[in-house]
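For reference, the structure is listed below as structure tokens.
Labels run A, B, C and D following the written order; every chain starts at residue 1.
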């Protein structure tokens, strides 16, 4: 039931809303004779689709003591049964497309669930631990092992150079993607270099120790205003006690020393940008990132290590494209979230899924340790406001 | 878990906090060797006692997913068992005073629980009904029957006149009271008259129909600013649909016609004051109200009906004093909540119970249909900010 | 043109508004054939009279670049000439009453002008000095000389005891008063004592040095919330530099040492109340203050010094009543600003002058060094919100 | 002295700040022995350069009653004299670059002065007219004449098609530009079309009449939230009276009918974007706009009319480059304001001029009727937050 920050939703709501998505965009349109589970749920669990129905203010989601959890679970059961029934009938292509969209939508909420639980547990004065179970964050353990490896290998960061030129960006082919990844189009890239790993907690601690949060010259003007207004002194889940930093994670509070080589996470765009300036570098554009992630021979100089971004994370995610991507933290890019040339939202209500958020947000690329592996791909565009910190968002430097 | 307005707390919190009160002010001080149930609960469930410990921001109470309900119930069980143990040992007088205070404290939260549930259910877009159970609101049914009676008797409001003079106010004798009801002291009352019943929903609807919410001349300046800022057009739980008013109650949505003779409730001081001005009257002072409620022969003209305020509510509450009081709605008085001459808060931490709130609030007197009957007495001083509407607060006219 | 805090208005506006008062309530009603100076000024310079006309948002007053000062002066000249014309015609009694009201209204704005200039100059990063000229603050010099005297006499504060009993409060007789000072009525006073002078800057500095602003137990709950939200560490115009306090006055910045025996000013009700609690005393009620100020023989123990409150200010103000009052700072009382029993606002629009502000404010009594001397009287009720600090408001202890 | 919205500054401040710019960045660094006019002015009139000195909160600028206007004029005179002295001494190249920057800075403030005056006069309840004088807005008259022409020619809007391809953007050559216009770099443009004139007030009125401000499907999500929060129903200076629209201009209130063919101005990015969606088009990117404005043969299809954007404005501005641009309203582009590839801010404090604002803002191109003609060029990048409306900002459609 907890909704501990404006970005978050209660777990019960996530469950109901993902169910609602299948009911609203699949069953009601493609399963003849479908009976609503509850006449109020269509508008109650609508998140933000203006052309579908009115919907409750997002801030009210924690007030939905009714329907109780049992009723939400029954709703899910009802929709699951009906979905099975639809699937048995060889649904038409558009229905299948919607089901795939619904599955991808649910994957997004699987990630959000963990993102929101971390915030809820941090907000709870007792700071409880989330106990590992299921596959959702199964890579947390390996991630730390990987970091052990990183520590052994030493912490040095390497930049790989790319010659740029006329490149392409955006999704192609028949596999699933969101509308905002299309159309594939040409972009011109100047020569650039990209770090071979994410910035670590230890490196970010040096930025803090060097007065990073007290030097306006390192910050964008809006970022500096936020630092002052919010009293930021460190990333979101860092707390100081007796002069030492602790980092709150899904496994509870961790002393900084234990996570020193783990990628720093839960930083805003402003912090990522300020860190990059302090380090004498910059953030990559989304097109630079994508060109590298796609492994396109933009410069005839493919990474020789056999995979794209080796350290400090041990894990490579095999995406639908066969592309290998990295998934510790979403990476803030220096690209504003805007439509590609020729962008066309989906028809109808589903056109509100992505397109209407194309202002005031920055693109993040990659994926995080709580993103379902199959959900990650090189063309994927995540997006948040530059002051957002509740996401698993980190920093990869470019120059 | 719901906390639907800044004044409200989640039900689970009420349960934990009332338990905390006995643990903190009784067991820890008077039961030798008492073992805390949980080392964090002393500060976690502290509401606002600055001299006791730090405490969480009130707005965070809905984020306490942990401790779970089962653990809070176990906490209660633990404290109940220890309280039994203490009681068996013939506790010293101060311990007994604290226990009585704790019981009265818990009665306040029993009332708040229902007050908060009504708000939570109104805030829930589904507007669920609270199902009657237990004794807490058992008088809701009779209240409506009583209102039937009121309709039969006709709606006319009568003012009873009192001659005033040198009167007394405040608690005396050995029975329990809060520190803010003392010391009993003399007050001079000019002659006054008091209505024999509360203003009804039907009467308040006339105020609305006459443009009451659109005429600045009826309002205090701060009240008018609130009307404009909040867009008030009716009492808190009134909604308009197709030109007709509905009133949301613990029994769900009611058409105005059904509750026309029921006392209007959930109005702010500003609305009570504006209504009184519109009606050509005023609100009573707390001392006028108390003098009448005490049945003191201030004018040799005791109410002849055998009880103080007969209509429209059927129910008379037998208080500890043998005084009969009325309990449909708390009555806004025109008295600011201030200390009586010679007021002395309780010693130590418990001195924060009442005294530190003595600014910016108005006194309400009486009690409401969700106040435990034994909790009502003529000297009782409730208090809220003048814009507060979530309470069962109504209007009795004076002149 | 400066309006440096929500309470303040630009000097040009004060000039126009006091002119408007005579035009609106005297000339237009009592001078046959009166021609408006400008058809827009009636609503433009209306401050808050809802029943007179719409009026601009108070926050806009600094945007009135037009009319320019020259036009406002011409407006004044026009109204002055017409007022002369009216006065030559032996106006009817109600007109004379309005003129007296208008003169008292203008005296209030003469005081506000200086109050607002002090705030404007403090807000100006250059902190300019107000150069003494005219009679408005002629007593500033003597005040400091008087303080020299106070320093010589020693700083000890004495409490005079009064026996209380049935007293009277409110204005009587034919001389001018505002509607909120009436009717004169009986009040019962318990025995009390009142300090013979105001709390000084030096004494308040001890409160600060003792951690007064860091101890929640000294504060009302709303006061403590304000201390934290606003970051209060001292009275409004105090600033700290290298560990030493400076006090900004109409004569510019003064080191604390120079004003140590001057009454502390520009404190809120919350600070006055917290100081009193720290000092082991309390604030007087408005009726205690008035009883003493009127010199009524409430206890047969009149102040023997020949004037009411001798130190540290040298100046006694001879009011209309022949009563002597003290005028260094307005004194916060512990009384909420409410109507007296039987209070009746003036008829018509002028009824909005005082009555509609009777909620959320505390009464201040006396007058200050920038109050015109003839404006001070024992029954005068000033009123501000408890967090207000821009006034010349100070502290007199009671017990 | 008026500062009527957060974006605006008082005229006196503009005068002082532009003077300060020459003193701070030219005289103090390049004129040996330069004596400050006033030791406080360096920080007092610093606008936002964190690395130069502390500076007053922008909201305080209207509180600078001191220094008085005469002192600011004397400051200007002092700096002018010293600038003459420097210029006589054949200053070094960096000094000359700074002087050119200072002149361009002052041109920006010349425009802001008029922008701010329009807002101040609109905020003033009297809505005074700005009387035309000097050259600053001399084109207002011709603009209306031009609109007469536009009305005669009919209102039809034409789109010119461009083939796109590999283009260049950014400033080149030796003439002056700001750092954010560099480096010139390659961009890939897909084929596009651009309207040959701006959207007119008459056209925008059709959007309003069609419910444009009430249809969420036309708006970006953040835009729709702003429409609801601010109650927008029309562009900033439009007011409705008896069902007819008036548009407030520097020449005072104009009935919509009189300005029907004038470009709509003072719309936010959100409104521009929503209008474009309603019209079935989109906004141009800054690179599309620049390619056309530069008259580069991007498609071998130069505008045949002999000048770039003929209607409805009659005026072509001859820029430094010999390029012809259009100057009725700044044009909102769909490009976020970000650094070009390889962007390098100026060294030192002046690096804060443009670079630190590169987040949360959209690029506007062109210039407006209050922009000094010599200040307009094809590579110029203006930028504001998407909700900003106080600028002379309008709409040119693309597709």
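Basically, a residue touches a chain if its C-beta (ideal position, glycine included) is under 8 Å from a C-beta of that chain, and two chains touch if they have at least 3 such contacts.
This structure is a prediction, so every number in the text was calculated from the model and none was measured.
Undergrad: Between subunit B and subunit C, which partner chains are common?
TA: For subunit B paired with subunit C, there are no chains in contact with each.
Undergrad: Name the chain whose C-alpha centroid is most distant from the C-alpha centroid of subunit B.
TA: Computed centres place D farthest from subunit B.
Undergrad: Using mean CA coordinates as chain centres, what's the gap between subunit B and subunit D in Å?
TA: Here subunit B and subunit D have centroids separated by 58 Å.
Undergrad: What's the distance between the Cα centroids of subunit C and subunit D, rounded to whole Å?
TA: Distance between chain centres: 47 Å.
Undergrad: Counting only residues that touch at least two other chains, what does the list for subunit C look like?
TA: Touching at least two other chains: none.
Undergrad: What kind of graph do the touching chains make: line, ring, star, complete, other?
TA: Contact pattern: a closed ring, each chain touching exactly two others.
Undergrad: Using the touch definition from the top, list the residues of subunit B that touch subunit A in their complex.
TA: 1-4, 40, 43-44, 56, 60, 62-67, 120-121, 123-126, 128
Undergrad: Give every residue of subunit D touching subunit A within the complex, in rising order.
TA: 48, 50-51, 166, 185-188, 190, 216-217, 219-224, 269-270, 273, 334-336, 338-339, 341-342, 352, 356-360, 362, 386
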